[in-house]
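What follows is a set of notes on a single structure, which appears directly below.
Each chain carries a letter (A, B, C and D) given by its place in the written order, and its residues are counted from 1.
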Amino acid sequence: MSNAGPDDPRRRISLRTTRMEAFSDGIFAIAATLLVLDLMIPAVTSKDVSHQLVEQWPTYVAYLVSFATIGNAWLNHSVITEYLARADAILLRLNLALLFFLSVLPFPTHMLAEYRSNQGDERIAVTVYGLNLLAISGFISIVWHYALWQRLVGRDNSDEDVRALTSKLDPSLVSYAVVIGIGLLRPWIAVLFYLVIALFMIIPFRAVLREARRRRGS
Amino acid sequence: MSNAGPDDPRRRISLRTTRMEAFSDGIFAIAATLLVLDLMIPAVTSKDVSHQLVEQWPTYVAYLVSFATIGNAWLNHSVITEYLARADAILLRLNLALLFFLSVLPFPTHMLAEYRSNQGDERIAVTVYGLNLLAISGFISIVWHYALWQRLVGRDNSDEDVRALTSKLDPSLVSYAVVIGIGLLRPWIAVLFYLVIALFMIIPFRAVLREARRRRGS
Amino acid sequence: MSNAGPDDPRRRISLRTTRMEAFSDGIFAIAATLLVLDLMIPAVTSKDVSHQLVEQWPTYVAYLVSFATIGNAWLNHSVITEYLARADAILLRLNLALLFFLSVLPFPTHMLAEYRSNQGDERIAVTVYGLNLLAISGFISIVWHYALWQRLVGRDNSDEDVRALTSKLDPSLVSYAVVIGIGLLRPWIAVLFYLVIALFMIIPFRAVLREARRRRGS
Amino acid sequence: MSNAGPDDPRRRISLRTTRMEAFSDGIFAIAATLLVLDLMIPAVTSKDVSHQLVEQWPTYVAYLVSFATIGNAWLNHSVITEYLARADAILLRLNLALLFFLSVLPFPTHMLAEYRSNQGDERIAVTVYGLNLLAISGFISIVWHYALWQRLVGRDNSDEDVRALTSKLDPSLVSYAVVIGIGLLRPWIAVLFYLVIALFMIIPFRAVLREARRRRGS
């Protein structure tokens, strides 16, 4: 896709995207799977296990929100690399910052599941969690805008595709910022909003609509 | 394989399958390997260690069933992606739902190993475990049928191959549903059935037979 | 490499080896890295930490032997897949059995590190560990011989290369069987032998010699 | 890139680099992500959680330094494999030694986070940690120099590129050796230096400067 020859000065900092993809897929997959280590099973006591399992619902919600967020980040990341013709030294570092915030997500997820008893602790947990989601979402946008700015995106992608991705990534930043504010007042309302954001972005309304339109048109 | 040109409306939602494969392989591999963290070794006590190791047999059975189920799911998934010419936005999301149920499997596996002392707890554990296996198996079928419906399967695959895979995936759903029912009455009988289902699907009777027939024919 | 056309009956069971490689690499990498979770640091007590760290030497030896064994298994596996032109349904299953024994290795490694105080427990731990190494080594040989038997190996590999790999894989089975016997009498001698076997196979004497000969010859 | 034909004696020990890359990416990704398991959340006590979280700052510093070091090692490793035309038996083993020291890094990272209360223990932890970083950095240099020496580097890479990478890898060895010395006197100063080294190498000053110069020149 890149037509830079060996004498092109840009060539020096061009890199294949294969290892960036493989390393990123590894971190995405491990961060998503390590979350299960926090799903503790109740100890065998005189109390009914089914009640104890049900009482753990905030743990399951936290698990589901984190998995959905990582899944959604992976979807966006895979579309970005689909459009990339090549990587450069700075893009790899920005991607590394994204992976840092992804790999740390199990920590605030664990806080979220544990600190629901105390109102003050809960607020801290939900705020730290929201900041982590904002950082993930923010660095995905940064990676994408940097790639556009440095023309690392292949020319065979239509302008419409590129705009569609941009218009999908950027609004989520605003959503996260708003919900962090809500979380300071009503922590668990914010968590439910994070779930809604992740599911809303995962469920491909746009693709479904486009598909429906295409079917009618043909 | 897809001959959609840049002006084809379908092109917009076509994606390579490489990252979907890499991310899925990561989740499959980690889910399969994290199971070992539940194989706890007995503490050094006055009691003979060999007896304690033998007493842990339900833990080993649970480990083996889960590993075999993940291995079998991976085999089916890799055949599906072998046939896929391209992915679309919805297929990636259906695949994500499959990966969700795969990555959560260590949780009911752990319940299965722990709750064998109490009859009521055991029934809950075996049922939750069965529902998880059913969800994995169900989403593999959904991914496959969606790919067929949307013609994401490459045209160079013979109809016979496609039918063979369909006739392998769908019956397992019925088996899991039946065994979940059995598990409500006889929990450990159900676990042994899950092992039988996984091993039956892993051992390639069909391939062995076809190979035998080919040898006689040639 | 495979010149089987679409009408060749063998084609039906031919699969690319990419996903088998990716899934295997995932399991190898995770099994090797999970071992570090067993390197427990001593608690902060009145006792000098440096002494406690030194006293933990059997844990480090167990870690090193397991990492070297997994590394060596990976080397052999990667040479096998280098030679493979394609996979079939049975090869994938044999490979899955190999991955099962790889992913379970952290369990006997943990036993090895813990059960050094009691002579009887130690013997059990070393024997289980040896059987696990034998199973890994055995299934690598089985995968290789199956691939040779079914002519899944590309024809552009010289017979000499193929013989060299066979003559490297098979003797290790005998070594492991002998050392399991030694372990019944002198457990820790066996562990040191396992380290020697792994390092002996990792250090590429053959390649060094061939390189030296080539240099003299040219 | 390699133009060695089937009769070239060098061909026998030539291997594709794909599996070496996949296995390495797996270990890099898992080692980076497992670090999160050491970020323990404070127990719910009467004490304010926010204070306890702040008191854990050495754990966060250790996490950040290790993640940045692994990220930086990955960047260098991916540039090396970008330049590699092929691998040989010895290169794979040297790479395995590098992966060994990478996968063990969570252990001294954990020591670093735990042993800050006692001056003597802290010195041991910081020294072991520094030696681990030195080993990682050293084996990356060894892999690179071996590849250069054995002419495994593709000929289409300019001499300038190759020299630029060499001049980036080797000085870090000296830095680590000096900081290990500092750590014997002032442990936490050394940890901050390790952070500075990792960030300095991650932030692509060279690429930024070159880009700026290119923009002025064009």
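Here are some notes:
One rule holds for everything that comes next: contacts are C-beta pairs under 8 Å (C-beta built on N, C-alpha and C of every residue); 3 or more make two chains touch, one makes a residue touch a chain.
In this text, all values refer to a predicted model and were calculated from it rather than measured experimentally.
With centres defined by CA atoms alone, the chain at the far end from chain A is C. Chain B is reached from chain A by a rotation of 90°, derived from superposing Cα atoms (nearest 5). The mean-CA centres of chain A and chain D are about 25 angstrom from one another, to the nearest whole unit. Chain B and chain D have CA centres that are 36 Å apart. Contact with two or more other chains is made by residues 22, 26, 29-30, 34, 37 of chain C. By the touch criterion stated above, chain D contacts chain C in their complex at residues 6, 9-10, 12-13, 15-16, 18-20, 22-23, 26-27, 29-31, 34, 37, 88-90, 92-93, 96, 99-100, 103-104, 106-107, 110-111, 114-115, 117-118, 120-121, 124.
Residues 21-22, 25-26, 28-30, 32-37, 39, 41, 44, 48-50, 53, 63, 67, 71, 74-75, 78-79, 81-82, 156, 158, 160-161, 202-204, 206-208, 210-211, 214 of chain C are the ones touching chain D in the complex.
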